[in-house]
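As structure tokens, here come the structures.
There are two complexes below, and they share chain A, which is joined by chain B in the first and by chain C in the second.
So, the complex of A and B:
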């Protein structure tokens, strides 16, 4: 048996478990979603092909525009917020603290990521309560009027953004922190010798050196925000009205509460295509701004 | 004169630094305050849950709320189910992801790059996109309301494979060549050289994956129906339903209890997290 052949066999055997699971549980279902979206499917009775009618419904569904609008709006506010706040916190903790203080801050900002989402979301729902909530009580202290956090179509976005920043900032924070720590100190030393100001050092060294981390964080944030589910599920249930209902929530309701698996699949497929396009676009655009160095 | 202005400059710098540090402390307190409020309120009497002023510090010590959690719902079995799923998934990730990563990093075989890209594209195929056919499949297999279904659906970790592969690619060829010269087979090289040398990446991918699946609410919501099979996140909604508006403090007692494992995971996992992310690297 020649080495090339035995290598190939070994290579396939090592990836076999993952590949089989991936085909059965991810690729297969993806194809399933595609097929379902062209059918009228029922678990109990017979199913039939219906061509494009689910997609026709999708484009004429008046709620669809609102729901996609909400989801995009979440992406547009959450992604920049997470990038900026995560970066500011990472730069601050890295630059302003030492030793056990650094450890303490790292824990403080990262721990909520680990905290069971359902649990803390339920607790935040209580904190956002208009009449009895912790947050409005503090707002009352400075004499301002109570804010209808979860009952106003505008404030729900602020509430979800606050919760999201509290719960998930640790993700971008920790990636930026690791990225910052991997920038060679010599670069800063050389820049100091050349008399570069802190601002110049940040924009000329820190940001370009962080750009691969930034790319990774942004790609993940967008994929995450596009499927945002837990936050509206626990805090707003999509309301008031449809004002914070997201595509993720709508897929769940359509397929699993109204048992319309086919229409749910059409919506899910549309979400997949959007995520795919945006991600591919980012990989194309990264050549323009991500600095991989040598 | 010159020294004086230099002194003033350093002083100004230090004062500015002090202000920034104070601001950082303030932000840190804001991040910590909700936990404090949850803890303090979990110890209040039911009728005082929402009494104003809110409790940032404990004003009562109603331990009974914590017993209420176990009396109203099978909270302990939520824990066990969550642990079962999380531990099996973590083990599966250590074994399967590292095997695949080794193959992609060190063995040449036809279609390697394509297969790797296909697996990585799994990052874009989100849970919501595959959930409906997965549900139909599991329903046909009579595997609804079964914790093993959750395990099964979590076994492939594309990001984990990517991170471990990055680290394995950075290991010098010389170890592998020496072992091959001595007649070692691939499995020996994988298990005795590659896995021990990739512990940071394996650890960090396991910690990240453990956290993701420990927090998962979406899949249990679809696949689990009964209290006895619920994992903790879904169990929290059961608790809210069972105790609910009658005793918010008891709900918060459940919240506090559900956070205990997270503290343990942080204590054990955090040192791997930074080390693993920096050595695994996010560079292409």
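So, the complex of A and C:
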């Protein structure tokens, strides 16, 4: 056995655990989903191959347009919201001079991420209640009319966005904070010596230097928002009607409540392909705006 | 050694105890009590039958039985089928339709003593577990839908406790009288039952149903059904005697905190009432709209899975679990025993006025419509009624669409 060959074997042995995990936890379910989507599967009786039938159903499903539309709308609302608010919070916290204040705010903003969505959603559901909610009580104090947060096809987006922002803003905040901390201080010192204003420093140094982080955050946010499940599941159950039903929620209902695993898999596969295409497009476009310092 | 060898060879050796598994959904507070009950069964079997209670985790309270059945089906498909399972009325049709449950007729014939005093089980409540002449279980507990009234709010409004034959006009009058502003906070007369079981109680009272009698078609578009949904919608937007319900509305909590005066529920809120020391409550039938009175019910039993290797022992466990000891021990405050004798003993402990109607209604109760495909039917119902109660759809159009969708789903089962 020559050295090159034994080195290759050693290399493969080193990556074997990760490879096995990838096959079992990622590739396996993906292949399983693919096979399920081309079959009529039942846990308790024999399954059969149905070709493209599930995909045909997907394109003729009268609810699919609304459900994909809702999901797309959530992507358009949530991604900019999380990017802007996360960045503002990160820049504000990074700008604090006192270490203890920095620590306090960092913990505070990240804390909701650690809370169980189910439990905090109950509290938010009560706060959003049209008739008895705390938020409408405050609104009532200024003489305004109660807002049907969870009972209107328009306001339900706002309610979900507020809840999502409170619950998950810690993620983008912490990424931006880490990104900010990795920008060399010398760049700011040189800019200040040249008389650059804070605004110029932010747009000429911070943003370009933060662009790799921004790219990572945007890619993750788009994937997460396209798969949005927790917020409508716990807060609105997809309602009223189908107003806040997302593709993720629909997949869950179809597969695990109605036991139609095959159609659920076909819908899941369609979402996977959409996300894949959007992500590939982002990787192509990032060459035009992401600055890697080289 | 020689003697032991001899005994084994002639089959006289002491047999290994049979081990049964009993599947029970988590989230149900009775899991620990079930373990206590099966210990008594083991004692009765002289420890020749052991029972492992398997707690099946159910994460989704909104789709409780659907999630539970999903897990059970996975266990069965994975070759790890339990012997006896806790099943509510929503699931027995599916179990029978998929040939998963063992008919117990022959076992009952061979060993009738196992089901102590079969006639003591209220016949109407037992009926859903007897499909096509086959007995699939012995009913253990049940619940219905009646009106819970906050008696303090009733008193404050100067109204007497309503009689059993109160009409829809009386009900709306009560709702209006108890809707007011108290200390700057709006309180309402009634919380709409925006869930399948609760609405079906009202539909039955008006001679309607969510499905047709043969459960082959949706029936929400009948004039009787639409009248009820219109009533609820008008209570929210015309009379303004009911708050807008949503997916997270907790009607029991609203009643206890005096934010609504009446809710529609079974006996299950009494668990919360007792825990919160709330005693200002009384129950009355849903207003009488059609005679004779019909009250909806849901019940639960312990069917035997067909794949069991120990059908006789599993049958005896299933029967024991419907017995008086099991009902007295396991059913205290949040559901109703199904044995007439146990009802008489347990129901007087209900801490609320007019509790007698829980027992009475067993005589004219009608099973909630739960066909195979129930989770999808219930989901369609939720989707359209939530649109109506949010003032997004008009009742007639919504109920027509809901019925059509339900009919399609039922045709595919």
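Going forward, the second predicted complex is superposed on the first by the 288 of 294 C-alpha atoms of A that agree within 3 Å, B and C clash if a C-alpha of one lies under 4 Å from a C-alpha of the other, contacts with A are read in each partner's own complex, and residues count from 1 in each chain.
As a working rule, a residue touches a chain if its C-beta (ideal position, glycine included) is under 8 Å from a C-beta of that chain, and two chains touch if they have at least 3 such contacts.
As the structure is a computational prediction, the values presented were derived from the model and not from experiment.
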Problem set entry | chain B versus chain C as contact partner of A:259, first or second or both or neither | second
Exercise. Can A:132 be said to touch chain B (first), chain C (second), both, or neither?
Worked result: both
Exercise. Is A:64 in contact with chain B, with chain C, with both, or with neither (first, second, both, neither)?
Worked result: neither
For this session: Could you say whether A:44 touches chain B, chain C, both of them, or neither, answering first, second, both or neither?
Result: second
Problem set entry | Which of chain B and chain C A:122 touches, first, second, both or neither | both
Problem set entry | Larger contact residue set on chain A - chain B or chain C | B
For this session: Examine A:81 and indicate which partner it touches, taking first as chain B and second as chain C; both and neither are also allowed.
Result: neither
For this session: Go through the superposed model and pick first if A:151 touches only chain B, second if only chain C, both, or neither.
Result: second
For this session: With the two complexes superposed on chain A, say which partner A:241 touches: chain B (first), chain C (second), both, or neither.
Result: second
Exercise. Which residues would you name on chain A as touching chain B in one complex and chain C in the other?
Worked result: 43, 122, 126, 129, 132, 256
For this session: Under the touch definition given earlier, write down the residues of chain A that touch chain C in their complex.
Result: 43-45, 121-122, 125-126, 128-132, 148, 150-153, 235-243, 253, 256-259
Exercise. Chain B touches which residues of chain A in the complex?
Worked result: 4, 7-8, 10-12, 14-15, 17-19, 21-22, 25-33, 36, 41, 43, 89, 92-93, 96-97, 104-120, 122-124, 126-127, 129, 132-134, 137, 166, 174-175, 177-179, 181-182, 212-213, 216, 223, 226-227, 229-230, 233, 247-248, 251-252, 255-256, 261, 264-265, 268-269, 271-272, 275-276, 279, 292
Seminar exercise, completed: Counting only contacts in the complex, chain C reaches chain A at residues 62-63, 66-67, 70, 73-74, 76-77, 98, 100, 186, 188, 243-244, 246-250, 254, 259, 373, 375-376, 379, 382-384, 386-387, 389-393
For this session: Could you please specify the touching residues of chain B with respect to chain A in the complex?
Result: 17, 20-21, 24, 27-28, 31-32, 34, 37-38, 41, 50, 52-54, 56, 96-97, 99-100, 102-104, 107-110, 112, 115, 118-119, 122-137, 139, 152-153, 155-156, 161, 186, 190, 211, 214-215, 217-218, 221-222, 232-234, 236-237, 240, 248, 251-252, 254-255, 258-259, 262-263, 265-266, 270, 273-274, 277-278, 281-284
